[in-house]
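Chains: A, B, C, D, E and F, in written order; residue numbering restarts at 1 for each.
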Amino acid sequence: MSTGLFVGRFQPFHKGHLATVNYALARVETLIIAIGSAQKSFEQRNPFTAGERMAMIRSSLDSSEFDWRRVMIVPVPDIEIHSLWTRYLDLFVPAYDKVFSNDPLTIALFKERGILVEEPPLLERHSLSATEVRRRIATHADWGALVPDGSASIIRKVGGEARVASIANVAERPDHKK
Amino acid sequence: MSTGLFVGRFQPFHKGHLATVNYALARVETLIIAIGSAQKSFEQRNPFTAGERMAMIRSSLDSSEFDWRRVMIVPVPDIEIHSLWTRYLDLFVPAYDKVFSNDPLTIALFKERGILVEEPPLLERHSLSATEVRRRIATHADWGALVPDGSASIIRKVGGEARVASIANVAERPDHKK
Amino acid sequence: MSTGLFVGRFQPFHKGHLATVNYALARVETLIIAIGSAQKSFEQRNPFTAGERMAMIRSSLDSSEFDWRRVMIVPVPDIEIHSLWTRYLDLFVPAYDKVFSNDPLTIALFKERGILVEEPPLLERHSLSATEVRRRIATHADWGALVPDGSASIIRKVGGEARVASIANVAERPDHKK
Amino acid sequence: MSTGLFVGRFQPFHKGHLATVNYALARVETLIIAIGSAQKSFEQRNPFTAGERMAMIRSSLDSSEFDWRRVMIVPVPDIEIHSLWTRYLDLFVPAYDKVFSNDPLTIALFKERGILVEEPPLLERHSLSATEVRRRIATHADWGALVPDGSASIIRKVGGEARVASIANVAERPDHKK
Amino acid sequence: MSTGLFVGRFQPFHKGHLATVNYALARVETLIIAIGSAQKSFEQRNPFTAGERMAMIRSSLDSSEFDWRRVMIVPVPDIEIHSLWTRYLDLFVPAYDKVFSNDPLTIALFKERGILVEEPPLLERHSLSATEVRRRIATHADWGALVPDGSASIIRKVGGEARVASIANVAERPDHKK
Amino acid sequence: MSTGLFVGRFQPFHKGHLATVNYALARVETLIIAIGSAQKSFEQRNPFTAGERMAMIRSSLDSSEFDWRRVMIVPVPDIEIHSLWTRYLDLFVPAYDKVFSNDPLTIALFKERGILVEEPPLLERHSLSATEVRRRIATHADWGALVPDGSASIIRKVGGEARVASIANVAERPDHKK
C-alpha cells in the first residue's frame, strides 16, 4: 500500500516522463505526480499552464485498462524560499513513502530528511528533454515523436505551437515590456 | 463529455460537500474538485493542509464501484488580487463547461464571464457547515455524524482533533506570537 | 509653481473628497491625487477598482473650464511594510511640495520626514464618509446625494450597487470561500 | 468618444514613444499611457521610477495647445503571474476600446481576448530604443538627440546620468550585495 | 555547551520577557532571542521596529558584568505559510538544542518535530503582557513599572508614546487610509 | 559612542570581510554587521543560510579577549523594491552613524540620504572574493586559506562543501525543477 512521489515541471509532458510514471507505477501502489512551478506559464521555459499540463498527463495515461485510482496529479506552486520547497510540497499532497527523481538537488534535499529516493533509468537523456521539445516547437522542427500522442493533442488544442514560438521571439526584442 | 467545476475550502470535507459532489457527478461526465485556499493550514478557519483535504475527499469517495477517471482533485492557492481569482483558478485546472456553487460572489464572478453556474441544493445548511464541524471539534462535542467516514478517519489519523483545539486556544492568548 | 499631494482610497469618491480637491487646487499649481490601496477591489471596504475610481474622479471634475494640466490622478498599490509606505508612494508620483491630509498617521509619517502637511477643513464629517456611502448602497438606502454626479454615474455604469450589496452578503456567510 | 491604451516601460521615454503617442492621439479621443513595471527603478534595465517616467512624459507633451483632458498617464506594477497581466492592467485603468502595441506577446494576449490591437509604425527601430538610450548614457556617449527635450531635462534634473552609469557598474562587481 | 531559543514579538520588551531571558540563561550556555514579526512596525499590535526592539533588549540586559557572548538577538520576519514558520526560523539562526516558550501552538509545532521545549514560569501573567503595556501607553496610564528601565528609555527616545497613541486612534477613524 | 554599519552577503564570510570588521571596530564603538539577502540559501550565489553565516562570523571573531558587546550580527532579508532597501534595513537595526562599504550602489544610496560612508581598504581584491571561494569549493580546489578558521569549521560542519558542489551541478541540468 505504498505511495510514491514523482516531481517534474512537465513543460511539456514527454515520453521520458511517461516512462518514469510507468516505472514508478510498477513499484508503488499509488503515485502522486506533482506538477512543479505550477503558477508559471506563458514564459520561455514554462509555456504551459498547470491545467494544460494536467490535461497532457491525463490524456497520455488514458486507456481503457488504466486504473485512475492509482494516480493523483497535483499542481504545486514555487515558494520563494527554495530550501523550504520540499516542506511546502508536503502541504499540497497526501503522505508518501518514496520519491522518484533524477534531479541531484531534489535527491539531496529529500535524502537529508531521511526520505527514500529512487533514481529511475533515464530514456535517451539528451534528445528526450523538455528543453529539446520546446526548442523544436519554437523552430518549427519535428517534435511530435518526443511526446505521447495525448500530450501532442493537448499542445495542438491549446494553440501551444504558436504560443511557444511567440514567447521565444519576445526574449530577443530590444525593449520588450517586462 | 461535459466537465464541471466545484470549488470549496473543505475545512474539513463534510457530508454537504459529498452530497454536492454526487449531485454534480449525476450531471457532468468529469468533475474538477478545486481545493481553495490551498496554501493555508494550521489556522483557526483553515486547520487542514491541502494534502490532508485531498486525502479526506479521496477517502470519502472511495468504494469498489467508484470511477476515478471522472474526478480530478486540484489544490488552488489564493491570489492576493481577489478579483482575478477565477482567472487564476483557470491556470490550475483543465477546461470546464459549468460551475457548481452556492456562494453568491463566486456565482457573480463566473456569471459575469458568461460561464454557466448551477446552484446545487443545500443539505441542512445551518447544522452542516465546516464552521460547525470545527466548532464541535474544538469544544470536544460530537462531530463524527457531520462528515463522511473517510473524512473522519483522516482527521483522526493526522491528529486533527488536537490541532483544531490547540489553534482555537491560541486566539485567546493575550500576547501570542503572530 | 508648487505641487500638492492628496492621498485617499476613494471607495467611492464623494463630495468631501471633491471639496478637498478644490481646496487644494486653490492653494497649489498642480495637484497629485493618489488613489491608495490601488490593487484592491471587490472587497467590502474596497469595492471599486483603481480604474473605476480614476473614472469617478475624472467624471466628477469634468467641466468645460477645468484645467486638466493641473491634475494628475495616480493609482498607488499598498506595500507590505506599512512604515515604508510614504517612501514607496514617492516612487509612483512626481516630486511634490506639500501634502493635504486629515489622517493622523499620514500626517505623522510625512511630518516626521519634514514634509509640509496641511489639514483641509472636513465637510460634515460623520454623514459624509465613504463608509457611510457604502453602507447606504449595501442597504438600498439613498446614497446619491453624498457623491458628485460624476461618481454616481460611474458607480451605476459599472454595476456598483449590485456589487457592493453582494460583497456585503459574503461576509455573513457561515463558510464562504475565502 | 473612443479610448486607446498604449503600454510601455519608458526607461526612458524617447522620441519613438512620443511618435506613438501622437499617432494614437490622431486616432482616439482619449489615450491611456500605461507605465509598465511601475514598481521597478534603480536597476540596469529599469533605472527610473514611475514618478520620474510620468514627469518625463508630461514634460515631453507639454505645450500651450496640448489638451490634457485627452491623456491619462497611469503607472501599473508587474504581477507575478505573467499570463494574468492584461487582466491586472484592467484593474488600474478606465475602460478602453483599442490597444496600440508593437510587442508580439502583448498583441497576442490582447487579441486572444478579442480586443482590437493596432501596430503603430516604428521610428528608426534599431537606433531608437530605450536600451540604446541607456547604453549611451552609461558610456557617456551622446544620447540627447534620441529623447524629447522634456525627457532630457527630467533625466538631468534627477541625476539620471550618474545613476545609470553607477548601476551599469554594479553588475560587473565580483561580489556585490544583491 | 547547549544553545537555547526564546521567541517573542517583544512589542515592547517587558519585565516578563526579561525574567524569561534570565531563566533561560541559567539553563543554557548560549541563548538566541528571536524577534518575531520582525518586518512589522507602526501597527497597533506591532508599534516598534525590529531594530528598536533589539535596542530595548540590549539596553535592558546591559550591565558591567553581563556576558554578551552568551546572547544572540535575531530579527525573524513572518512567512506567509504559517505551518512552515519554525522551518523558516531555522534558516535565520544558528543551531539550537532547546526552546523556551509558553505559547501552546509554538510548543506544539516544535514538539511535533521532536525538539525539546521548556515552559518557563510566567510572571504575573495578566498584568504583565505587552498588550497591557501598549494599552497603558495609548491611554496615557502609568506603564513604566511594567518594563525594564532599558526598554523605557528606548521607547521614550524613539517617540514611542506618541506613536502608540496615534496608531491607536487610527483604528477608530471612519475612513482611514488602509 | 558611535555605531557603524557593515553590510555584506557573506557567502561565505572570508578574510577580506574579517579585515573590514577589524578596520571598522578600530573606528567605531559598536558595529552592526548586517547579513544581506538573509532569506536566501541553497542557491549557487547564496549557498548558506543566514543562521550559518551568523555562526561563521561568530566563530571567526571568537577569542578570549573579544568584546562581544561591541558587535551586533543582524540578518536582513531582501525587499522587492530595491530602491527602498536602505530604508528597509533601517527597520531591522538600531540607529547607526556611519556606513562601511565598497559597493558603489550602496555608497550612492546612503550618500544620497546624507549618511556618512567610509570605504575600507580592500584586501587582495581579485583572489579574495566570496565568488572565488565558492568557485574553489565547487571545483574541489584549495579554499581554506581564503577564509578564517572559524568560517572553515562551520562550512565543514554543515556539509557546505557537498552542498556548494551539488548546487553548482544543478544549473547545468537540461530540465531541472526550478
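Keep in mind that, in the parts below, contacts are C-beta pairs under 8 Å (C-beta built on N, C-alpha and C of every residue); 3 or more make two chains touch, one makes a residue touch a chain.
Source: prediction; values computed, not measured.
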item	value
Shared interface partners, meaning chains that touch chain B and chain E	A, C
Where chain A and chain F overlap in contact partners, by chain label	D, E
Same-site or different-site touching of chain A by its copy chain D, using the half cut	different
Over-half contact-pair match to B-E, picked out of the listed pairs A-F, C-F or B-D	A-F
Distance between the centres, which are taken as Cα means, of chain F and chain D, whole angstrom	37
Chain centre separation (chain C, chain D; CA means) in Å	26
Interchain centroid distance [CA atoms averaged], chain B/chain F, Å	46
Residues of chain D whose C-beta touches two or more other chains	39, 41, 49, 81, 83, 91
All chain pairs that touch each other	A-B, A-D, A-E, A-F, B-C, B-D, B-E, C-D, C-E, C-F, D-F, E-F
Residue ranges of chain C touching chain E (in the complex, touch as defined)	7-9, 36-37, 78, 80-83, 103-106, 108-109, 125-126, 129-132
Chain C residues touching chain B - in the complex, by the definition given at the top	39-43, 49, 162-163, 166-167, 169-170, 173-178
Residue ranges of chain B touching chain D (in the complex, touch as defined)	79, 81, 83-84, 87-88, 91
Chain E-facing residues of chain F, complex	38-39, 41, 49-52, 54-55, 58, 62, 66-69, 72-77, 90-95
